[in-house]
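Same chain, two partners: chain A is paired with chain B first, then with chain C.
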Partner chain A sequence: MEISTSQHAGNLVIHIHANRLDAASAMTFKQAVEAALPDKGAGIILDLAEVSFMDSSGLGAVVAVHKGLHGGQIKVVGLQQAVQELFRLTRMDRIFQCHGSVNEAIKA
Partner chain B sequence: MRGMILGAGKGTRVRPITASIPKPMIPILRRPLMESIILQLKKFGVDELIVNTSYLAPVLESYFRDGFQYGVELCYSYEGELQNGELVGKALGSGGGLKKVQDQSHFFDDTFVVVCGDAWFDLDFKEAIDFHRRSGGLATIITKTLPDDLLVRYGVVKTDDNGRVLAFQEKPPVGTAISNQVNTGIYIFEPEIFNYIPADKVSDIGGDLFPELARQRLPFYAKNFDFQWLDVGNITDIWQVTSDVLSGKITGYPIPGHEERPGIHIGINCVVDLDNIHISGPVVIGSGTRIEKGANLIGPLVIGQNCFIEAGATVKHSIIDDYTFLSGAASVEDRMLYNGYCIDHQGNHITLEEIGARWILQDVREAQVPSDISAQLMDLSGAVPFGDTREKRSS
Partner chain C sequence: MKVLLVEDARDVRKVLSLSLNKFGHDVATAEHGAEALEMLNNQPEIQMVVSDVSMPVMDGHALCRTIKQQDFGRFVYFILLSSKDQEQEIIEGLKIGADDFITKQSPLAELNARIGVGQRIIELNNELNQQNERLTKAYAQIKKDLLMAAEMHSSLLPTHSELPGTEFAWICNCSAYLGGDMFDYQRLDENTIAFYLLDVSGHGIPSALLSFTLKYAMSPSQKGATLLKRFISRPPHYEILQPVEVVSKLNERYMSQGNSTQYFTMIYALLNVKTGRVTVCQAGHPGLLHQTKTSTTERSMNGFPVGMLPDVEYEQFEFDLSPGDRLFIFSDGVTECFSPSKEEFGTERLIRTINDNHHLGIDDQAKLVEQTLISWNRGDQFDDDVSFLALEWQGL
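Up next, the complex of A and B:
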């Protein structure tokens, strides 16, 4: 699991370079994202454009990162169809703001 | 009277529902369309019926068998061949299919009825046949007047004051339709019609036969009748028709179960406490289904048989297949769950396997996929069930 970060208009964007976020990669994901996190309370943009599949462990890891932000918002961007449907079917599309692209997330 | 139901269509526009069933078996409120068609024909004495089959023929033939259960006689005309032990369909088109039956046995020896197998209708066939006999044509097309925006999907006819067809136009491009009088795929024919259908050739009634009759200026008629006609041409239609039946916009279509409260239809052997779920009709709950206290059901909604819906789950504006398990962490809105597919009302679809959703949505008969995050998700999303159902279940 590789991640990279970038700054867009003052927002930290964390890019996930993996096509599966599942039991095998969830823990690495969580640790890598937490290591890249800014101060508590700040928000991040999570770029999942490369992720084509996420299972309950993957979703659990995203939720754990969200909790670790202590009130900071996660905006998720670039959801592929399967991941978007999973967010929808678990109501997580109402907990996380979902956007098509980083630019849309910044504007929102 | 004799008739034919056109049942060989693949239903490409109704995928993935038609991945496992042929088009005439598309279920509306759990009942295959063709079942309603047979019953309507039988009501008017059309009880010797040929059904041409091709795509997934055995599925249709083993469901409908010989028609005894409907009080009719059914016979199949299979279009295709057995190759290396496998049936390979070769559909002949609506015209070619009719012709094949006639060439085999001269089955149609008097006025007969032909209907497409992918619509529900409550046409009064007595009135229609009376009209046909009075007009004395080779064929009568039963039509309905539809608004401009729907014409591109159908064949339209232009008639004179007596109903005689002057021109027939199949699927006219937007703005070019010659009338608003639409072919419903319900026809009455005289056996002489076979003189105008080529043998051993794929041909279509709407695409070939009618334009040919019009070209030769042969006497055939089209007549508007006042009846309900629900054409199920795509996934959106399935949802539209289902919700129209449930909301009462369409009357006379059988809704399964008994109406426990206004708009709430429940089958037998269900476990559901209507006072302790959030339910807003119209909702159909299939037999054998269990629904925990604290579930949210918002209609129009159809839940199949033997489902299990956990406390906290939300199901809204959807059609849920038999044997579906819905975890409390699940929220299914504007979806059709069918045969492992999750389909939206526009027809976009993905399998539950691809979504990685088996821990919230699966077959109740499978060993349950464990999930340690369901409870967290429910807390996060505020899907808090009534009372203490969760504690009770885990004890």
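Up next, the complex of A and C:
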């Protein structure tokens, strides 16, 4: 699992470079994102634009990162249709602010 | 190190034997290949053979070939002893498996050094063999345990197919020996049937452990105590919990702790067998399919998964069945089953499959769904647990 980070107007953006976020990659995803995280309480933007499929383990890992932030907000951007559908079905769209792009997330 | 010296010339045998002794080796001797083989069979501590090429009865090449082909249950290192002018014999010997060669004219210290090299390789081989043995044993044990656990999982699945006014059928196919899917149905009182299907995140042992626990938690105890009813003082002294109450309770009780990211999605529902009214709490799980005489529709509502986030609100919804209507609940392993060309099976195709076979009995209909999935997947080894529960309400 490859991830990269960038800064946009003072926000840390974590880009996930993987087609699938599933049982095989969930653990590495969680560790890689946690390693890139800022101090507790800060928020991040998670760019999932490249992820076309996410299973229950993948979703569990995203929620684990959210819990690890201890109140810090995760904004999720670039959800593809299947992932968006999963977020809607599991009401994760009420836990995470979902936006079309990094710019929209920053303005919101 | 015990060295087996194979040499037909008595004087050479004696000189070499004495020298090797001086270098600290324990030496056994044989006059030809056949005798050497017999000694190898009887003395399992021998792993080093130094052998002449030309000998009566069985020569060095034949001996080497036999040693390298036969399974002595241990690795045997083979050094070919030759004369300087026997280049062809040396090449042939190495081809058939000799590990090293030395000419009889070489200094004895060199022979000893080469035996030392062999000893290192023998030790490495022995270590590898031991590790392999341990791994094989451990693997066999794990496999046995997994199969037993898989049997347990199967034994937890429902065995009867009928409750008053209602008929059930199901399929269950786990991805990795045993799975995190669980489902059941039970009669709560003369009017009410409860049924559920849940899917623990991930697969394999960790998921199965939670699914086993949940199955027991949702089953009535021997004395009849159950999570699905509560005691009240007025007759009939019990009250059936609403689906939303059951799911909220499970969320509280099975909240993932610490580093665990485990949770589950589920549908828990009650069916009133007198009226056909269905009450459903859908917790992050794919929706139900409702088949009437004329069509099949999805009945779905978003909801949080269970055990993922504390203090979240759950909701329930209701609808009515007509006699003969069927309901289908399933894990996402059904709709997210991918064909070899990476196409998802999907809800639409599942609805079509169900519709195309609505004339069949519920059991055959479920079997046909399974067959369709297997041919979509090109085999019965699925990437995710596949479970599917069907019920038909016959009406009273």
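Brief remarks follow.
In this text, the second predicted complex is superposed on the first by the 108 of 108 C-alpha atoms of A that agree within 3 Å, B and C clash if a C-alpha of one lies under 4 Å from a C-alpha of the other, contacts with A are read in each partner's own complex, and residues count from 1 in each chain.
Just so it is clear, a contact is a pair of C-beta atoms (placed from the backbone, for glycine too) under 8 Å apart; a residue touches a chain by one contact, two chains touch by 3 or more.
Values in this document were obtained by computation on a predicted structure and should not be read as measured data.
Superposition note: with chain A as the common reference, chain B and chain C are in steric clash.
By the document's definition of touching, of the two partners only chain C reaches A:A23; chain B does not. Of the two partner chains placed by the overlay, neither chain B nor chain C lies in contact with A:I14.
Applying the stated contact rule after C-alpha superposition, one finds that A:V63 touches each of chain B and chain C. In the superposition on chain A, A:Q81 makes contact with chain B only, not with chain C. Legend: residue contacts after superposition of the two complexes on their common chain; A:M54 is shown touching chain B, with no touch to chain C. Of the two partner chains, chain B and chain C are each touched by A:L89. According to the touch criterion, the shared surface of chain A, contacted by chain B in one complex and chain C in the other, consists of residues 55-57, 59-60, 63, 82, 88-91, 95. Residues 314, 329-333, 342, 348, 350, 354-357, 359-361, 371-374, 376-377, 380-381, 383 of chain B touch chain A in their complex.
Of all the residues in chain A, the ones that touch chain C in their complex are 23, 26, 30, 55-57, 59-61, 63-64, 82, 88-91, 95. Residues 22, 53-60, 63, 81-82, 85-86, 88-92, 94-95 of chain A touch chain B in their complex. Listed in rising order, the residues of chain C touching chain A in the complex are 199, 201-203, 259, 261-263, 265, 284-286, 300, 302-305, 308-309, 312, 332, 336, 344, 384.
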